[in-house]
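Two complexes follow with chain A in common, the first pairing it with chain B and the second with chain C.
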Partner chain A sequence: MTRFQKAIQLLLNYSTVVLFLVVLVTFGLLSPKFLTLGNITNILIQSSSLTILAIGMTFVLLTAGIDLSVGSIMFVVGVISGKLVVIGLPIWWAIPLVLVIGLLFGLVNAFFIFKLKIVPFIVTLATFYVGRGLGLYISETRAINLPESFLQIGSSKLLGLPMPIVILLLVLIIGHFVLSSTQFGRQVYAVGNDMAKARKAGVPVKKILLTVYLICGLCAAISSLVALAQLGAVSPTFGYQNEFMAIAAAVLGGTSLFGGKGNILPGTLIGALLIQSIQNGLVIINVNPYIYPVITGTVIFLIVMIDSLRHKSVQKALRTKTTI
Partner chain B sequence: MIESTANKLLGKSENTTVYVCVLYYFIMAIFVPGFFTIHNSWNLLFNLLPLLIVAIGQTYVMLGAGIDLSVTSIVAMTSIIGGYCLSDITAFIEPVWLRIVFSLGAMLLTGALIGLINGVSVAKLGMPAFMVTLTTMMLFSGTAIWLTRSQNSYMLPESFVNMPYTSLWFIPLPLLIGLVVVGIAYFLLNNTLYGEWLPSVGMNSKTAAISGVKVQSTTIWSYIICGCCAAVASILYTARLETGSPVMGQHILLDVIGSVVIGGTSLFGGVGKIQWTVIGAVFIIMLDNSLNLMGMSYFLIMIIKGLVILLAAMMNLLKEGKY
Partner chain C sequence: MLLQLKNIKKSFGKVEVLKGITFSLDEGMILGLIGENGAGKSTMMNLLGGIFPPTAGEMFLNGETYLPNSPIAAQSKGVAFIHQELNLFPNLSIAENLFINQFPKKRFFGVSRIDKKTINVKAKELLGQVGLTMDPNKKVEELSPAPRQLVEIAKALGANPKIIIFDEPTTSLSHHEAKKLFELIKKLKAQGIAMIYISHNLDDVLKLVDSVAILRDGELVRMDEKKSFDIQTMVKEMVGREMLEFFPGRMKKIGKKVLEVENLTAKGFIKDVTFHIKKQEVVGFYGLVGAGRSEMVRVLYGLDRFDSGSIVWKGELIDKTNPVLSIQRGIAFLTEDRIEEGLLTRMNIQKNAQLAALGHFTKGLLHRINRFEAKEKVKEKVYATKTKYENLTEQLVSTLSGGNQQKIVLAKWLLTDPELLILDEPTKGIDIGAKREIYGLINNLVENGSSVLMISSELEELMGLCDRIIVMSKGKITASFDKSQFERNTILEVALHKQTAIL
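Moving on to the complex of A and B:
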């Protein structure tokens, strides 16, 4: 292999990181405001909700499942917590209550998937619509304005760090630890790699599936609260299509849709930060808002394409090696 | 005799779905006022046709073990292309029918082109179908809204707007289009080599490749067919609503996937039939229409549809003896 080929291989191997840097440098050159400490903190705060959602999604994707209902869980959680707080329940009572709702959604998903053996795609598509319908029903399709106390939590600081970043770091560290250093984490990968073999090897497949959907539901609920603390209102489109963004973030971070491959740190974090930096950068350089989805879509498409080309070239390399 | 031909036509296993469908129709006809009227029957039919056509395209993609989430954006994109081509810009083209033919051609071409992009990305570049069509959905629905600045285009030519109400040989034109699409789709799947190749690719692409199936082009064509079907549906929607709209068809994704799945087509490829999808689409539309007539709100209908899809998936597993 020549030095040039090696360099190309290296670039391809770290394609997401490279593209992330390219995005940062491009926006940095286009606007001096982009790479300031203030704006970077801003990107971290804005991405906290998406990253937490994507962390939950990573667990599910690792078992070769998918959860399309997370956006709806966010919406239901938002609507119910809004209603509860508006009728006068203290926030510290409402928060545990809505986290339980997130868990319940996860439980329902898991029940249909491992007890009734329906494919995750169909189950979570159904709960996606049920959840959104429920949320619209409870909110009567009106926006709910949250009291000031909610926003205060969002802008409060702990040890000098903004609250959303603290929560993000907590979820990130716990998620990474669980996935990389516990028996449960290794079993998640085993189930995703080959469910039948994992079962034969004595992995409690049902328990693993149940747990990952519970984790995903819980993460969706936390993500909803983090987003609410920044927005201060629940609109009827709150959380809409967030499931796609979360899946995109996880996949950009190198998590496979077919299970068994991927990680939270650095993978999913980089993926989510990449998406958020593009959106933040587009706002800062003052692009026509109509183009946002077009550019975001194109970038995600390109990264997924580079990733599959890389796999192809890896396969080819392996093949030539075995023939030689 | 009638039963045996019906069995032959539909295949044995999906009889239950047909019975459920017929039973549901009669129950609704008896208990829901306004369901069993001529006006509502036309309504059912006109709602059914575009959904059915999109669902047939989706069936092709799913037979090849793919999925196309971008169908709604194809409907939107072709709708604004159609609206653009039919507006005053092409008024210099005389006579009017030439203008309409040109515009419909442009719409079909757009659908085929987006299908081609999906297909090439999946088959040649080896990208996961879910991610490809997810990003093309974002991309093209974004492009449609961007190009039009979320404005609808009205002022379509009279003869195009009147299309849903004209008849040819006493058959309303939309129904004729629907029948032709179903006919072609059925013929292609049951009487051609392609129809044998596609399920074999969906079942196991490696064995298919070894047996001499052109796996890549088979997959690409399934996405092109899906894109064209979405474009035809878009023509029907655009004519009926008399506008080219960038958010056309945004809410039909559940109905499309629901129709295919309720019919019994497998998400993992290789198993599926056009007639199954027809039944699935009929059921979804009947459900929607009857719940509407019962005065249920949009949200409740959403919840019920979600549950019905779960139930149908369970029934399919039950039939296959998976429990």
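Moving on to the complex of A and C:
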């Protein structure tokens, strides 16, 4: 490999960090308000829901799968927990109940994927519509206003840290530990690299697929609750298109759509922070809100392109290794 | 007696691949297993490795019945299998690959986690046994083929095997690396581990093993101590039949050059390949797996790009190739892997057979397909190939036997009326009857004015069919033989024997 190729490889490998710095510096120059402690805390709180969602997504992507249903899971979880609390069920009863709903969605996805051998894209596209429809049916397409107690959880603090950040840290640490330090975590990478080989090596492929979709569903439910505690209401568009943000965050953080590559810490965390920083920065410098999707779309395009370039250069490097 | 096979039979559908194999293996013994492609070597090893069970017969390991139902079961009984295609995860570290299913763990506040220290120590120990000194935390993707192979062996050793099966372990190794591997194999032998060594490289087999077993058409034709064999006798036993009667003759009237290839180079795959093919000529390409033959024809057909050199097709310099252009030019390509590349296995026979020639059956501005014509033409061709089938439009190709599937792929290309038909291992895994019919079809095509470029690992097949045989090794053409010069041993020698000397 020449020095130039090495530099490109390095740039591709750390593309997210580079992009993140570029975004921070650019918005910092455009507005003095952007790089203040208050705003940075704000970005962290705002990004907590997306990061948790993206952590679950990372598990699925690592097995070369995809879960398009997470936004809909968020919506269903939001609607049901809202209804339950409005009816008068204590919040501490509602929370475990809706976490189970997240797990159920994961179970359904996993069942169709590994039992009936339908590709994840199609299965989760179906549950994406089913979830959205269920939510709209239960909520009668009306927004649900949550009681004050919900918002209080969102603004409470633990050890001086805002609650959403505490939950984010917990999920982040557990997720990272599972992926990097347990047999299950390492087998996730093996399955993502080559399912047939993994089966041959005796890795319990089915169990691993089941578990990653369960994790993804659970994370979607947690993510939903964290977002609700900040918003205080469930609108009919709650969670809408969040699946794409989550995939974008994970891939931006270096997780490959081809499976087997990526991590949560620092990867997915930085990816999610990057997306949230862009949104936050755009608001601060007062860009026309209709432009947001254009910019987000451009960033997603960039990410996918970088991932594809990275994949290509890795393949090329491998190819030259077996040169005659 | 460590391992014993008694009258082992294996059938896939109606085809009997193993017809009653009986042999035994002692501790610390190396058995060389040789035979042509399709002789049943891999089937036999897959039985031992737990990939699938035998149809009949008994296997004993250390006197106990041995019937593994998975590779893991085989491994835990002490039978390890090093496949030609290594089963490693390049995205994980060496240590993680070694312990993917039994990571040493430790508990920390009741939470079980991977014990990284123990892994490192154990991994170093295992790597030491195969003579590797590298850091076990290194990712496998950073390793070149030779150390990867050693990691795979180390992985096998981790399960304390009694028997190790090697399937073509040297194909991706250099001469020096292969020598080191042989030293390791001898060391393992001294530890009492028995090994089965499968290879097409007969020199290696003679150097390494204690006994040789020769499989032919699913039968063990001879098993004896090494000293009673030399290359000639091994080759003779492998082939075992007179070819003259087996290959139908054809009328010869070779014309002028249709394809001229000069200094064709695709970096990393082929280098300075120069040859030509004349009208109504059959040119065979022989060489070991990985010699660059398939890669070369993929470039010719336009599936892969080339870096330099020139291709002249019927007097015209071709600067751009892709499959669409190739089909328009009259070049057809029957790929080696009919399931993965040659067929749409979930579609019916008709749809598969008409696919490449679909343009011939269209008419009008909108290129509407004339289904009636397509059906008639396909029927005609499928009849000509003597394919056995039930229903053209209802039956999925996946329900056909291997030989009949291959005939459908062949029919697909014959329907395009190719001027040059490229065949990559056209008779791989096909029974003898179907083989002969395919030879007849090839001859027919050539007599009607087409040319054929044929890759095969069965030398006898090339000698029986071709007007010329070109030998490739490590991406280069190393020799060319005209029909009058065909001599099995000379060609084999160039391909197998000298392949390391060329380096």
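The working rule: the second predicted complex is superposed on the first by the 291 of 324 C-alpha atoms of A that agree within 3 Å, B and C clash if a C-alpha of one lies under 4 Å from a C-alpha of the other, contacts with A are read in each partner's own complex, and residues count from 1 in each chain.
Just so it is clear, contacts are C-beta pairs under 8 Å (C-beta built on N, C-alpha and C of every residue); 3 or more make two chains touch, one makes a residue touch a chain.
Remember, it's a predicted structure, so these values are computed and weren't measured experimentally.
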First (chain B), second (chain C), both or neither touched by A:Thr2: neither
Touched partner set for A:Gln183, first chain B, second chain C, both or neither: second
First (chain B), second (chain C), both or neither touched by A:Phe121: first
Chain B versus chain C as contact partner of A:Asn286, first or second or both or neither: neither
Residues of chain A touched, compared between chain B and chain C (which is higher): B
Contacts of A:Gly260 with chain B and chain C, given as first, second, both or neither: second
Contacts of A:Val130 with chain B and chain C, given as first, second, both or neither: first
Touched partner set for A:Thr296, first chain B, second chain C, both or neither: first
Which superposed partner A:Ser308 touches (first chain B, second chain C, both, neither): first
Residues of chain C defined as touching chain A within the complex: 70-72, 75, 87-92, 96, 100-101, 103, 105, 112-114, 116, 141, 144-145, 172, 267-269, 271, 292, 474-475
Chain A contact footprint on chain B (complex, rising order): 121, 125-128, 130-132, 134-139, 141-143, 145-146, 149-150, 254, 257, 261, 267-268, 297-303, 305-307, 309-310, 313-314, 317, 322-323
Residues of chain A that touch chain B when the two form their complex: 66, 112, 116-119, 121-123, 125-130, 132-134, 136-137, 141, 244, 247-248, 251, 257-258, 288, 290-294, 296-298, 300-301, 304-305, 308-309, 311-312
Touching residues on chain A, where the partner in the complex is chain C: 177, 181-183, 186-187, 189-190, 192-194, 197-198, 200-203, 260-261, 314, 318-324
